[in-house]
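Scrolling down, you'll hit the structures one after another.
There are two complexes below, and they share subunit A, which is joined by subunit B in the first and by subunit C in the second.
Showing the complex of A and B:
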């Protein structure tokens, strides 16, 4: 099944506690598509998520754990989650601190497989 | 392998700000009380404690081909922790607490025992992520205790 960008992002943003979802070009951190609540800075999220994913990929490979398939940054006041999709695209979501990460992970993986 | 802090990274700076850690009961006779006591099982590949500049303080990590990769990974962790801090701050998420990375063959969890150190726990993929988080909390407590013991 292939989803439109809008439909794909909507599947993520309808999860309670999600402030925004994006598709990001992993190489340069540019926004491919976004669905964000007011106040969420899309360009910053995209650039920072892509940069963090690159750093973590190096650490993961050096540790012998292969290529990352899921990243979850937990902070005091919120959460950032990223799932690599084919063609170097990252599916990224920003959420509240207590967002259901398990559900978010499942939905983002489905989106990563469907958005090609 | 244990790498002690160098003159460039004074131990006082690393242990500065850590909370007072209550004394742990003595280890049972015949048991070596390591900083990672109780964390060895469950498909563990290693635990690293690293300072902000990527220098290994304590721990070991076995890579894909069975060789020790602790120092190499420690160098990458400093950059990853810095990026996590920057990301959380600039996005208004507050201080970062942990980063979970699900890899093809193993899971990594980065945590902050203190503001000056990063802890990495690596486990096989089969370990549930929730359990990994619990183990990381325990490892952070052990790391803070160990750092407290290093005070001059």
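Showing the complex of A and C:
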């Protein structure tokens, strides 16, 4: 099954506590598609999340752990989650601190597999 | 080894911050005519001169094309290659218009460069001294000023 960008983002943003979702070009750090609440700086999140994913990938490879499949950052006032998809796209979600990370992870992995 | 060098001292701090944040390999701050104010990462004068001239020419020609198409120049240009990307942006400071040329590799990305370019513009605008009245250019001063600029950019 393939999903349009809009459908893919909607599947993530309908989870309670999610403040925004984006598809990011992993190599470039540029936004491919986004659905964000006001106040979330999409271009900044995209650039920094892509940079972080790139560095974490290197760290995991250096540690012999292979390619990371899920990134979860818990911050003081929120959560950032990223899942690498095929073709170098990164699925990124920004949520509240108490967002259901298990459900978010499940949905983001589905989106990563289905988005083209 | 210090890799950032500047003719105008007020540009050093914003440039160093930008380079640290983006991990850019090469950065040039110049006037629209290609006169270099600061550089990071270049080791040979000839490379700086060539990059500055070519960068200024690209901005100039694309600005003319943009005027033909939409009436206003492109605020930034990006060229992406297999291993390296080139970003060219312009900013209007209180005293002058400047161009920034950035070469980045896989350690950075065009997204990061774009993001921190906005900060660089803000930092440069804050650090920029107020406009001065134009001085008369004397032939006698030209060579001395040129040598001073080269010494500042390459530490010679």
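Keep this in mind: the second predicted complex is superposed on the first by the 116 of 116 C-alpha atoms of A that agree within 3 Å, B and C clash if a C-alpha of one lies under 4 Å from a C-alpha of the other, contacts with A are read in each partner's own complex, and residues count from 1 in each chain.
Convention: a residue touches a chain if its C-beta (ideal position, glycine included) is under 8 Å from a C-beta of that chain, and two chains touch if they have at least 3 such contacts.
As the structure is a prediction and not an experimental result, all values here were calculated from the model.
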Superposed partners subunit B and subunit C on subunit A - clash or fit: fit
First, second, both or neither for A:29, with subunit B first and subunit C second: second
First, second, both or neither for A:51, with subunit B first and subunit C second: both
First, second, both or neither for A:87, with subunit B first and subunit C second: neither
Which superposed partner A:98 touches (first subunit B, second subunit C, both, neither): neither
Partner, of subunit C and subunit B, that touches more residues belonging to subunit A: B
Angle, in degrees and to the nearest 10, that opens at subunit A between the C-alpha centres of subunit B and subunit C: 90
Partner chain in contact with A:7 - subunit B first, subunit C second, else both or neither: neither
Per-pair minimum CA distance [subunit C against subunit B, superposed on A] in Å: 9
Subunit C-contacting residues of subunit A that also contact subunit B: 44, 48, 51
Sites on subunit B touched by subunit A in the complex: 45, 61-65, 69, 72-73, 76-77, 79-80, 83-84, 86-88, 90-108, 120, 122
Subunit A-facing residues of subunit C, complex: 80, 106, 108-112, 114-115
Residue ranges of subunit A in contact with subunit B within the complex: 41, 44-45, 48-49, 51-52, 55-56, 58-60, 62-80, 94
Footprint of subunit C on subunit A - complex, ascending: 24-25, 27-30, 43-44, 46-48, 50-51, 54
